[in-house]
Amino acid sequence: MRTLITGGTIVNADATTRADILVDGERIAIIGTDLDVEADRTIDASGKWVIPGAIDVHTHMELPFGGTFAKDTFETGTRAAAFGGTTTIIDFAVQPRGGSLRQGLDAWHEKADGRACIDYGFHMIISDVRDDVLSEMDGLVDEGITSFKLFTAYPGVFFSDDGAIFRAMQQTARNGGLIMMHAENGLAIDVVAGQNVAAGNTDPYYHGTSRSPVLEGEATNRVIRLAQVAGAPVYIVHLSAREALDEVRRARDAGLPAFAETCPQYLFLSLDDMGNGFEGSKFVCSPPLRPAEHQEELWTGLLKDDLQVVSTDHCPFDFHEQKELGRDDFRKIPNGLPGVENRVDLLHHGGVREGRLTPNRWVEVISTAPARMFGLPHKGAVAVGLDADLVVYDPNRQHTISASTHHMDVDYSCYEGWDVVGGADVVLSRGTVIVDGEAWHGTPGAGQFLKRQRSPYLR
Amino acid sequence: MRTLITGGTIVNADATTRADILVDGERIAIIGTDLDVEADRTIDASGKWVIPGAIDVHTHMELPFGGTFAKDTFETGTRAAAFGGTTTIIDFAVQPRGGSLRQGLDAWHEKADGRACIDYGFHMIISDVRDDVLSEMDGLVDEGITSFKLFTAYPGVFFSDDGAIFRAMQQTARNGGLIMMHAENGLAIDVVAGQNVAAGNTDPYYHGTSRSPVLEGEATNRVIRLAQVAGAPVYIVHLSAREALDEVRRARDAGLPAFAETCPQYLFLSLDDMGNGFEGSKFVCSPPLRPAEHQEELWTGLLKDDLQVVSTDHCPFDFHEQKELGRDDFRKIPNGLPGVENRVDLLHHGGVREGRLTPNRWVEVISTAPARMFGLPHKGAVAVGLDADLVVYDPNRQHTISASTHHMDVDYSCYEGWDVVGGADVVLSRGTVIVDGEAWHGTPGAGQFLKRQRSPYLR
Amino acid sequence: MRTLITGGTIVNADATTRADILVDGERIAIIGTDLDVEADRTIDASGKWVIPGAIDVHTHMELPFGGTFAKDTFETGTRAAAFGGTTTIIDFAVQPRGGSLRQGLDAWHEKADGRACIDYGFHMIISDVRDDVLSEMDGLVDEGITSFKLFTAYPGVFFSDDGAIFRAMQQTARNGGLIMMHAENGLAIDVVAGQNVAAGNTDPYYHGTSRSPVLEGEATNRVIRLAQVAGAPVYIVHLSAREALDEVRRARDAGLPAFAETCPQYLFLSLDDMGNGFEGSKFVCSPPLRPAEHQEELWTGLLKDDLQVVSTDHCPFDFHEQKELGRDDFRKIPNGLPGVENRVDLLHHGGVREGRLTPNRWVEVISTAPARMFGLPHKGAVAVGLDADLVVYDPNRQHTISASTHHMDVDYSCYEGWDVVGGADVVLSRGTVIVDGEAWHGTPGAGQFLKRQRSPYLR
Amino acid sequence: MRTLITGGTIVNADATTRADILVDGERIAIIGTDLDVEADRTIDASGKWVIPGAIDVHTHMELPFGGTFAKDTFETGTRAAAFGGTTTIIDFAVQPRGGSLRQGLDAWHEKADGRACIDYGFHMIISDVRDDVLSEMDGLVDEGITSFKLFTAYPGVFFSDDGAIFRAMQQTARNGGLIMMHAENGLAIDVVAGQNVAAGNTDPYYHGTSRSPVLEGEATNRVIRLAQVAGAPVYIVHLSAREALDEVRRARDAGLPAFAETCPQYLFLSLDDMGNGFEGSKFVCSPPLRPAEHQEELWTGLLKDDLQVVSTDHCPFDFHEQKELGRDDFRKIPNGLPGVENRVDLLHHGGVREGRLTPNRWVEVISTAPARMFGLPHKGAVAVGLDADLVVYDPNRQHTISASTHHMDVDYSCYEGWDVVGGADVVLSRGTVIVDGEAWHGTPGAGQFLKRQRSPYLR
């Protein structure tokens, strides 16, 4: 099967060029000017951009949380991702408390296998740092699970204490893995949250005010320093606050291998969105949405490479029945937002269109940097020899985000009614067209598990 | 004329791939896996890297300085550059004091025209900020001279006062040009230098100690703040000191469009090199070489993108007869070092081989970032449609740097006897092989003047 | 002549105590509990505080500026100071351009001699750094003129270039003097001011907007770095902006001997005050009033000792006839505000009453620290053996500031109609009661010239 | 009983004066020039300084630690303190784990009552934060126990988790108490210490290397941020490392009420002292001694008031039998050093004599600031009405520190054989001479419990 994409403008992280692309099988075979080759199919990309398929390194398909499960399966979630221009996800397998990493990994393979419509990898959430678990980490790195997530938040659930985190970091200093941290001081936050509920402040809004940005900054510095002493790199997930960004900057200025991602919700939404009574539950995630003045700081962080990646932390719960679990106590609202479908367009609209990012930097933060950071050398660029994960992107197409039209299996959208400019017209996953306008041509199970390499994390 | 480069590993800033390259005329026409096309010439790049030709944005061919001229002409200098893997230079045209920018530009066109063996652009040194000169700047930007250099050093020669610098920055805030600054506090430095000479401290070493790194930091902050108030970006040339880097970091952390380059001499040489009696004159440049502990800071700056570019400040004077002008007074030693030929290999050796930079980041700092920063979208990447400025680079070739073998027209080398690993095997300039091993196939005058675009300077 | 002050609470920088004070002649002779001694006069200080007379280290009596003179003479100015609880001023003698320091000093002695009602010292403004002037500095230090002021502002008037400033700093590194700096980038400011006037923006408000706080920060860093290289301490006068404070903090955090004062106008007034048409001229001084958000930063600086001193920069010009010189061009408005009478009360009201400063810290910033900083060991504390410069201060007395009642010889007040709590009831200058409620008992010429010691500047 | 001290130079934090002092009963009654009064006793202080008795706010008399007890009792410890010029200590009462604060306080009152030779107060160590304990805190504040210490170090012993620390801070935000923090990341440190022992690295030196200064910096920032969110001030005890000082600076620069003390051992001793086999156990304390380059940073912190207080953390264990408990495992070495007797002289020698502190600042950090910080308005200055805790100090007396001559009940000295200049000649505690040269005139039980006020902590 050979597909020819003609007339488009290839936008890579390093250059913008006009050229045709021949996809042969699963790889990009030829890029050339006015290619004169035969193909089974030709896609006219005139007036469009061709970009590497976006990579979302932070998703939670079917995550169990607070007695329920994130709605999207690997099937619905990856389908929605594809419609949004994302052709790779890295999801978080979860070690069951008391169990082994292997058990968690097996469970996640089972969830994904035969269902994923695009390629996927796994990070491993470590719930329970024990000697045997530390040993297990080495094996997982060799199997392509080269990154591990721990939490300073969620005491009693995912929380690890500093000694445990430090030991896991020491292990990656030896085995080349990368520790990812949810950095909020959960112990202090839980005190405030409990006091709020005791005082009758049970609305979703108090989820936001219970979690001070200062406590995200604190935990961010803490895990960076633990990593420094352990001699390991560290990657901060879903950074939301100026205070946390300042700590990442400080570490990077000193030359430390500290990295961070942010998410569209922190760039576009704010604490105010949580304030409309229980409607605010739609926006409950952790870290919470911040006062609006944090947004521009995060854009600056992206521009200057203090934030290297934009992911989604996609973790959708229906407003009805799921978010409602916390109607009387914000602490019981399942944490998480849908977003895997919207990231590429939101970043294009608010980043490229509004002059905050060049098209090249946009490609870098949604695709190239995620691929490099997480050991996927075959992804992240439109280049000969790499996987033909390609998106024909129309930078001028206007559309309206809505739960009534989106493909995620969740009953609301955080961006309901937003008009955005830019959208994926055609999406190829390893050479196969899976999205063509509104048409879906993907196949559950066609997505492959990605055995990832160690992160080069030099930058 | 079609040239096929087969079997190489293409190293771009964003990805590393295995593919063949067809050059047709002056451009890269096709990149493909196992390309089956006809070509006039085939270059076997097996086991080698193919990288975009390096770009040196800071050279001074035939610069008049202290009563003499930098030795290399556009012919000898660009020939040496090519042997070192560099296929584009941006040289500094100099406005004569009291004269117009046009006069300076004309003079530089005359120096380059018919002589340059590789493509070249010009920055414009403004010696004398006047109302008419400010107006002239707009025209130059439209002609592709989109960057202007001013000095806080060299009182009485190139020095501009803060009001003049500020006015020039305001002009670029309007016309889209980019101000480049030599940032040292020349007024204070000249006091110290004069005191040193008065005290009989006339050796080259005192050139170094007269120019405190604190005074580079000061001037760097100063010009960044002037640019901030003017609403203009600013680019610091030949940053040498931790104190200056700290100021650039501080500005970038705050989101300011401040940029900087460093040079190999500051990454590899140190104040100690200036200490061996008059031998030290070989290393006299400004800013001067710094104590060795500054080097690792600069490498960190490169890694974290606080330094975006490595250039050479190539400005060669013979040790005999030229450097000797300052035998009795270090202030009379012509300032400048040869280096246009050595940058790519030194950065490969000390950066890539020693684990400080990935191969991709190496390409970025020597080619991609310089191209983007200075408005050369057709350069800086191995990509279809771009200029076929290509280097087949052998990352394993060991060679010894020496004045006896280098191609620069200068009687010494700062790196005499250094063994470095990595070297350009074949070099193409817009499709024409100009270097093939030790053989020279270039042609004076084949290099074209590059009408540059405005810098996108978003990052 | 013996005066007994009974029943008061002595507030010193280091402690608060209840005790009586016996003044014998010019000195404090005895402090004791329920002193049973004979005295010529007894002052009942029950319910009041007794504090050391305040010291204003920044006044400009009869300063020539822009073709006119600051209104207050040494007689009217020191009388007003005394009414405000200030018993010592340090005024700025001015070297005439082209002339010697001696000429300036002689002129100032002449202004003060026989007229000052309280003790006074002189700093020396250096208008013209020459070799002979540098030599002269040494002699002045020995005569008790131990501090020298230079300017990075006012090109063509007081401006010195960086080389000149650096040389003066080197001189004090040798002779133990202290360089005081007016730190604003006057060269850039004059460009903006000229552009404003050219654009028809001639109102006083544009005086404020022409002088960016960023350019105060820049110059502050610059002079600190020059001092660092010269090996000398430096004192920033009338610091007004957060950006400048940040530079002082940065220097002090690094251990550098950098010091700074601020003034009440920067703590209480803001750019908005300059906005009411030509009324704004009443508030024209340099640096200008800043946006209100700078105020709280300055209070923080005072609290944490990053600002050590509060002075007034008292330099009064009548609104009528004097300020009016700049009715058509803000650049012609004489720069300066009246304030010598209001500092102590304003700081008490806004500092002590509003909980920003303890009473002890208030005494420290208005009296003790100024005395130590500028070499006056006999002043600045209520302690036996020191000069009996004493103020019986009523911390509860409310009064209204008004030009109709103040004692400064100027036709307006910047604080017209402000109600403040706290006021000097009785003021002694070296043992003599000179203010007693509204009654004036001072004598022109009773104030003595203070031969100051070198600053210990350790902290 | 009236005592007259004649001819001395009174050195206070704010001024230096020559005057006589009459002590009447327990208070300073009169200070005057050439006092002509009758007295029961006259002390000739000619050529000497008279300073306020020093205050050591960090001692551990009879502290149980690791199965043994700190050697000095309140009797031997306060006697030694007095010989060293210290007339007040604040010791740490310890809440028994599971018990009440009251139990701990009662136990400490019992230890001190009838034994202390100088005045003393208590801080309260909270070992176990519970709801009832939080309530108890309010009562203790009213009883004059206005400060509480918690630990991020010593897991399983004194360690509190971040939620507990945060709750205690919230309590002091309400009741006006001050939280004092031992800030090291004990959880991570214990991992490293355990790994060291497992690897056979059991020598005292590894105590030092197990406790990275980075982990002190981390914990310091953490507790500052917890306090910031709680709206409470925080005081860092025994700050030892540049990394921790940097965090205090950062907080103070931002205006936060963060305070810190250091101790002589961190100013004078270094990691090298721990390296001589088991001899190093003499220097085992936590935080540990740091590499020598930290010392000058701490001096800078003292100079600039980023460190406000010098205390001792006096906690002596005999080298024989006590320190020896850890001969095979450094973790079993009782943590603590003797020092209560040496602080004043060491600070005079290394601070005043070596030009790092003025005599006034020396008095401030050893006496005035401790008194203000911990709510002792009757102490900390030589002023009429205050307690007559006075030291006639000879700034020129040279003596040699040695365990053979010191008065602490411990068999070694950390400063054995050091020659220091400066020593207390006569010491008065509330009007009574308790030390006169080598003679001891003190009385166990004469020292009184000090009911302290809340800290004003404004600065």
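Descriptive notes on the structure:
Labels A, B, C and D are assigned to the chains in the order they are written; within every chain, residues are numbered from 1.
Operating definition for what follows: a residue touches a chain if its C-beta (ideal position, glycine included) is under 8 Å from a C-beta of that chain, and two chains touch if they have at least 3 such contacts.
As the structure is a computational prediction, the values presented were derived from the model and not from experiment.
Relative to the C-alpha centre of chain A, the farthest chain centre belongs to C. We define each chain's centre as the mean of its Cα atoms; on that basis chain B and chain C are separated by 50 Å.
Chain A and chain B have centres, each the mean of its CA atoms, that are 38 Å apart. Put simply, the C-alpha centre of chain A and that of chain C have 57 angstrom between them.
Looking at chain C, no residue sits in touch with two or more other chains.
Shown here, the protein chains touch around one cycle, each chain meeting exactly two partners. Listing the residues of chain D that touch chain A in their complex gives 155, 161-163, 166-167, 170, 185, 187-188, 190-192, 212, 214-215, 217-218, 221-222, 225-226, 228-229. By the touch criterion given at the top, residues 10, 12-19, 22, 24, 27, 29-33, 35, 249, 252-255, 300, 303-306, 356-358, 360-361, 364, 368, 372, 377, 380-381, 383-386, 456, 458-459 of chain B touch chain A in their complex.
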